[in-house]
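In the two complexes that follow, chain A is the common piece, with chain B as its partner first and chain C second.
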Partner chain A sequence: MIDLQTWIDWAGGPLFRAALAFMLLGLARRAALNAWEIVRAWRRAGDKQLPWRAVLRATLRWLFPLGQVGNRALFSATTLLFHAAVILVPLFLAGHVALWQPWLGIAWPVMPSALATALTVAAVVAALGLVIQRAASRATRALSRLEDYALPIVVGLPFLTGLLVMHPGWNPFSYQWTMLAHVLSADLLLVLFPLTKLSHMVLLPATQLVSELAWHFPPDAGSRVAAALRKEGEPI
Partner chain B sequence: MAESGRKYSFHVEPKALQVSDRPRKFLEAFAAVLRHGNYQLALDTYARLSTRCGRCASTCQLYATTQQDEDLPCHRSELLLRVYRRYFTRWGVMRARLFGGFTLTDEYLDQMAEASYRCTACRRCKAACPMGMDHGLVTRLARWLLAEIGLIPKALVVSVRQQLAGVGNTSGIPLPALKDTCQFLEEELQEMFGVPIPFPFDVQQAEYVFFPAVSDYLLEADTLMGNAAVMHASGASWTIGTGNYDGINYGLFYSDRMLEQIVQNVAAEVRRLRGRKVLVGECGHATRAAWYLNTFAGPDAPPVVNCLQYAHQMLTAGRLRLRDQRIEEPVAYHDPCNIARGGRITEEPREILKTICRNYVEMTPNRTENYCCGGGGGTVSIDEIRGFRTGSLGKCKADQIRASGAKIVVSPCANCKKQLREVCADNGLPDVQIVGLHDLLLKVIEVK
Partner chain C sequence: MLDRLSLLKTILWALVGVLAAVSVVRFAFGLGAVTNLSDAAPWGLWVALDVMAGVALAAGGFVVAAAVYVFHLEQYRPFVRAAILTALLGYAAVAAGLLYDLGLPWHIWHPMIYWQHHSVLFEVALCVMFYLTVLALEFAPAVLEHPCFARPAFQTIARGLRQATLPLVVAGIVLSTLHQSSLGSLFLITPYRLHALWYSPILYVLFFVSAVALGLATLIAESLLSSFFYRHKAPLRLLSGLGLGAAVVLALYALLRLGDLAWRGQLGACFDGSWLSRMFLFEMALSTLIPMALLCVPRVRSSLAGLALCAGLIVAGMVLYRVDVCLVAFARPEGSGYFPTWMEIAVSLGLLAACVLVFLFLVERLRVYDDPHVRGAPQPSYDPATLHNLLPDELAAPRRYSLAALLGGCLAVVFLPLGAPQPVATAALPARAAAGIAENRQGEPGQTLAFAVPDRPLPADAQPASLLVIDGNRDGQMVLFNHGAHIGRMGRHESCALCHHLSLPLDRNTSCFECHRDVYGPTPLFRHESHVKALGGNAGCRQCHADDSLPKTYETSTACDQCHRLQVASAALVPAPAARWHPAPGYVDAMHGLCVNCHEKSAREAPEHYSPLLSRCDHCHDPDRAEQRQPLAPSRP
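On to the complex of A and B.
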């Protein structure tokens, strides 16, 4: 007989702490490397004048993309709903805050459970919606790779299992198995953050700047490339 | 050996078909560019974050017409990003060692070359990408790397050879021919205004050294006469340098190596004449290329003024007088991508046109969101792809011009002018005139 509670405690205890540390350290490393490379690119650039205002405007437009829903409206709206749900629920669910409190020694306001349920349902529906819309539209179907379909599902899993944990009446499976699945899928998600495109969580604020900087060439890059390829003096 | 009979939709030079071992050479060039350039950060970010959401689909005028998967901006970028991931990221190298998978081949390079010259690098899709990917940047980088293995449209490389190693300009105009042309234009101006309006050569310490697209001397007499009339009427000190009179810089379209040399030649001519500023004629990419003087010509690089900015400034300051005459036909303004996409020059030409035209109409979308003429990124000089340029690439623009009801479309860019004339001819708009802004100024300006 397997003692499920032991496994749940392990997955929610040491394993969770390891996964969380992996995520935080991984993302911090990504962000630090990104910042370092930005400074390095800027220092190498021949023209150090950047259109700061335009870069900032574009950055804010995509950090708060409410005005961008017009393009692929349903897909964009689904994306927004998905992001709102997956950011808010893990942080402000009463059950989660109660877990953090003894650990961090601080508490913060929690969301009403009805709202939490609604947002969790929204997260699951939106995750499925993203996968279905990706497959249904010709343009995205042509572009997509396995990872693009898999990630919304992996992100949706802790929400689906969390919903069943919160509402035992809806749950056809045993509570403990569901809880174990919930905690394990959350651990997996944390580990994936720094390794996949989910790292946009820390990289997105800099992408507009990064794109702008790429147009700011080092003054001698062309000649250095020519030298490296032994093409100096070679006829055009 | 590369197989014979390889065909592209554009012509390449015979020697391009004889390059051997292309994948290795491509990767060597890629490594050198990553090491010495500023591209790695962007590529690394794009390779990590590219989310393939398809939002760029609705912004690309090429994809809107062809609906072909390979014309999606994100799809095109993926061609290069795939190579980057496989050969220049630790994870990609490790995965290839363990599991094999993607290998760069000759066929893949051919596919990339074809894709890179279907895009005009207009960068309209940039504004639609949630991750901030600049597909125009990636396309241009792919073109550079391909050029390093000789894979480049003949039209582009021949022009650059003329400019850097031949006569000194992309149209191959020798100095005596240039002087003849200018003399002829002076006679025309004399007839038009009754006063001598000069095209000054090699004036030392002039405030402005003039760099138009050199093809204007062959094709755009009215634009150049407009330029000269504006300079004369506003009392400017300006000159054409006999050492370098071409603002065209195809390096902007395919190679930082060429861009750097051509920009440095502009700076050298300004220094030789001890001029103070670079005045760029009606040309979008020449203007954007000249803005790279700050990058390539050191801290004392001459400031760059586009002739639209100059005319606007003079008009606002009251130093340009207009006759009572106005342009009566409906006039629309086409934003050249290279000066409008970044929002740098969009309002000055509009203000001038609203002053000199009675019936100014706007094409939608416009300014930073304009549609490309369909000939950007150097594709306009590739004559053998005209059908593709005016059809798949140009149809959106033709529809936009038709919807505006304009009879005159003003397009202050040598590339856009040539392309738009062909777009109108091939899309049933024979009555629409494509002109430069200075062509219209020439009709209304007062010269004493």
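On to the complex of A and C.
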């Protein structure tokens, strides 16, 4: 029987390295395939005149969702809070920086512990809020797949367990089991990045360009569709 | 659903991914990190499989070239390009495998400059380099046929190369003959290491003949596999001709190998029942006797299944022959058994996979086989009901294969060591008490210590002494320590704490070994889990990690001596452990820290009492004395 600490070290060591490598290389792969498809679509397009300026403006506009609050203010605010928490806490938590430091040999500024706790609570609450708001509206319900409900929960798990690990006094479970759950759920999250829509973290900057390119058909697209429908020569 | 070709490529890409991950560790941290190789077993799987078997598997190249260009067996011309390509890739894999196996891979070019003409390996190295070049030139015309190279300059080169075909073929045959046999000659200097059933003065002939058979079998297997994966008809009539050729060569090989054993009177050793004799019988049956017998039957020879079976047997058996000579039947010093690590196997498989992928890539784009496998560009089509595009997704293949390689590589990362291998921990032996004598000899500093021999009278000027025998690294070179005299000299029992810095509660003479458990490596003393239990689970965390807001590290936790006040003797000669305890140093460092400092200090500060020799290593470590007393030493536990 191997003791629990050995499993924690394994999940935070070799398994974490593999998950991290999978996330980084996998995201690079997604970005490369995306770029390949963009180039391919552009080379086939009959109309190669792209409204670059408009595409750039739309891209920038959607990168900062505050301007898009519109008619779903609560949803936008939850999303923003959720993103701020899930990006900042893992990178700037003092305990995480202390783990990176011997491995990378560099340290970077850490966030105050109280802020980390507050943001972690926010991440958990926002994750639940996202699921509830998605389920509450008929329009979003119609658009959602199982993945869309499951991902906020999966993203929230390492934050919930991390909160309990950070404050053992609040933790009704064994410290080591909580730590193992924390590390394993984080590993799972890293693996899921390139495989699910979480890969929007690298694909987002190109989404507007892709949408634009989708309307630039190959020059003979019309006649090929007509041929496939066996309606050649018929008036449109 | 994946078709069989895509499935094959997916698996191959996953293997290449594993290869990539292992390669990073191999070249970043050296051979020791990924292999079981050692000074006693310096040649392992990579030499046996990638070099020995790899060269032999590629022998089809020169055999078919000789058949077509020298013996004018024109019907085999369709195989020439595939055979040359296989040989080219095989030798490229040999070179790549060597890069993994060489301790200093960046020295691989050395044989070109530093000639060692007494060395068989030098000849092999030069031949392989030359032959790789020859093969590249032989295959170049096929590449230059591709539309990419339509420019006249390239076509001039292609014409020149085509005119040079015959000289190139002849050079290829000569070079192959030389080094295929030389790989066997390598083992001629090991008549006492290689088992008698494998060692032979004609080892080089056996290697050459078996390589010819193996090369033919590889060609058959490759042609059958290619027809299976690309779903085209295999040229059965030609393949059965190759099969017949293989049978003839196998017969020659069996005659030579068994005849040589009989000639040297070793044939009886095949049946002596040892497991190597059984291995020999298994290898001979697999590689030679069964396929030879089967290939002699025309019905087997002209059937797809029969040819596939025979080619498979020959390939497996002849590769086993190389592995046997190189590893299995090769005696090594006792206790230095070798079995490859999973990483060594992964590298061999990965190189093979990479070769197959390059082979498939070229077969799909160049005219390697006569009927091209290039599938025409798909016609556009739409499902009229749904208007869905029915075109195959052009990026499906890159998407699938890159994911397969990524998954393979990251799966390997989980199990890869990250760093050079750590030295194996050597547990220290606890010091033990022994009855001894202390003798004041003329001209020697201090006392000379010896074990007491029962029933022998004490020499003059000698007193009985209570000794400690310290043999931390278990090599029999013990240090004898006069414990009784040190007690007297340091100030009776009040002085225990000068050496024995206590670490177990209320214990006054804890053995050094309790904390300094390893001879050279430090021993961690702090056990987190037992503290968690003792302090009552999560509720107790705050006793050491007072501030939740700080990361729970060594530096931010309560110091040990805040609770364990009585456990560190303040009078210890060695600096008392810091408030934050570090791992206990290794046994050697602890002993040296304890003895050397005090000896040096005494010799320096009280020269009227102590000789300057007191601070020398050989005052305690006296190899002559230890050897002399060795027979008197009590048997070690």
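Convention: the second predicted complex is superposed on the first by the 219 of 236 C-alpha atoms of A that agree within 3 Å, B and C clash if a C-alpha of one lies under 4 Å from a C-alpha of the other, contacts with A are read in each partner's own complex, and residues count from 1 in each chain.
As a convention for this text, a residue touches a chain if its C-beta (ideal position, glycine included) is under 8 Å from a C-beta of that chain, and two chains touch if they have at least 3 such contacts.
Predicted model, so just to flag it, every value in this text is computed and none were measured.
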Going by the contact rule set out at the top, does A:Ala45 touch chain B (first), chain C (second), both, or neither? first
Of chain B and chain C, which one touches more residues of chain A? B
With the two structures laid over each other on chain A, which partner does A:Arg230 touch: chain B (first), chain C (second), both, or neither? second
Between chain B (first) and chain C (second), which does A:Glu37 come into contact with in this model arrangement: first, second, both, or neither? both
Partner chain in contact with A:Pro168 - chain B first, chain C second, else both or neither: second
With the two structures laid over each other on chain A, which partner does A:Ala142 touch: chain B (first), chain C (second), both, or neither? first
Dual-contact residues of chain A (chain B, chain C) 37, 40, 224-225, 228-229
Chain B residues touching chain A - in the complex, by the definition given at the top: 28-29, 32-33, 35-42, 44-45, 48-55, 57-59, 63, 67, 69, 72, 74-75, 78, 126-128, 130-134, 137, 148, 157, 160-161, 164-165, 255-261, 292, 294-296, 298, 342-343
Contacting residues of chain C [partner chain A, same complex]: 380-382, 384, 387, 394-395, 398-399, 402-403, 406-407, 409-411, 413-416, 418, 528-529, 532, 537-539, 541-542, 545, 548-553
Which residues, counting only chain A, touch chain C once they are in their complex? 3, 5, 14-15, 17-19, 21-22, 25-26, 29, 33, 36-37, 40, 93-95, 97-98, 112-114, 166-169, 171, 174-176, 224-225, 227-230
Hey, which residues of chain A end up touching chain B in the complex? 34, 37-38, 40-41, 44-47, 49, 51, 54, 58-59, 62, 65, 68, 71-72, 75-76, 79, 137-140, 142-145, 148, 197, 199-200, 203-204, 206-208, 210-211, 213-226, 228-229, 231, 235-236
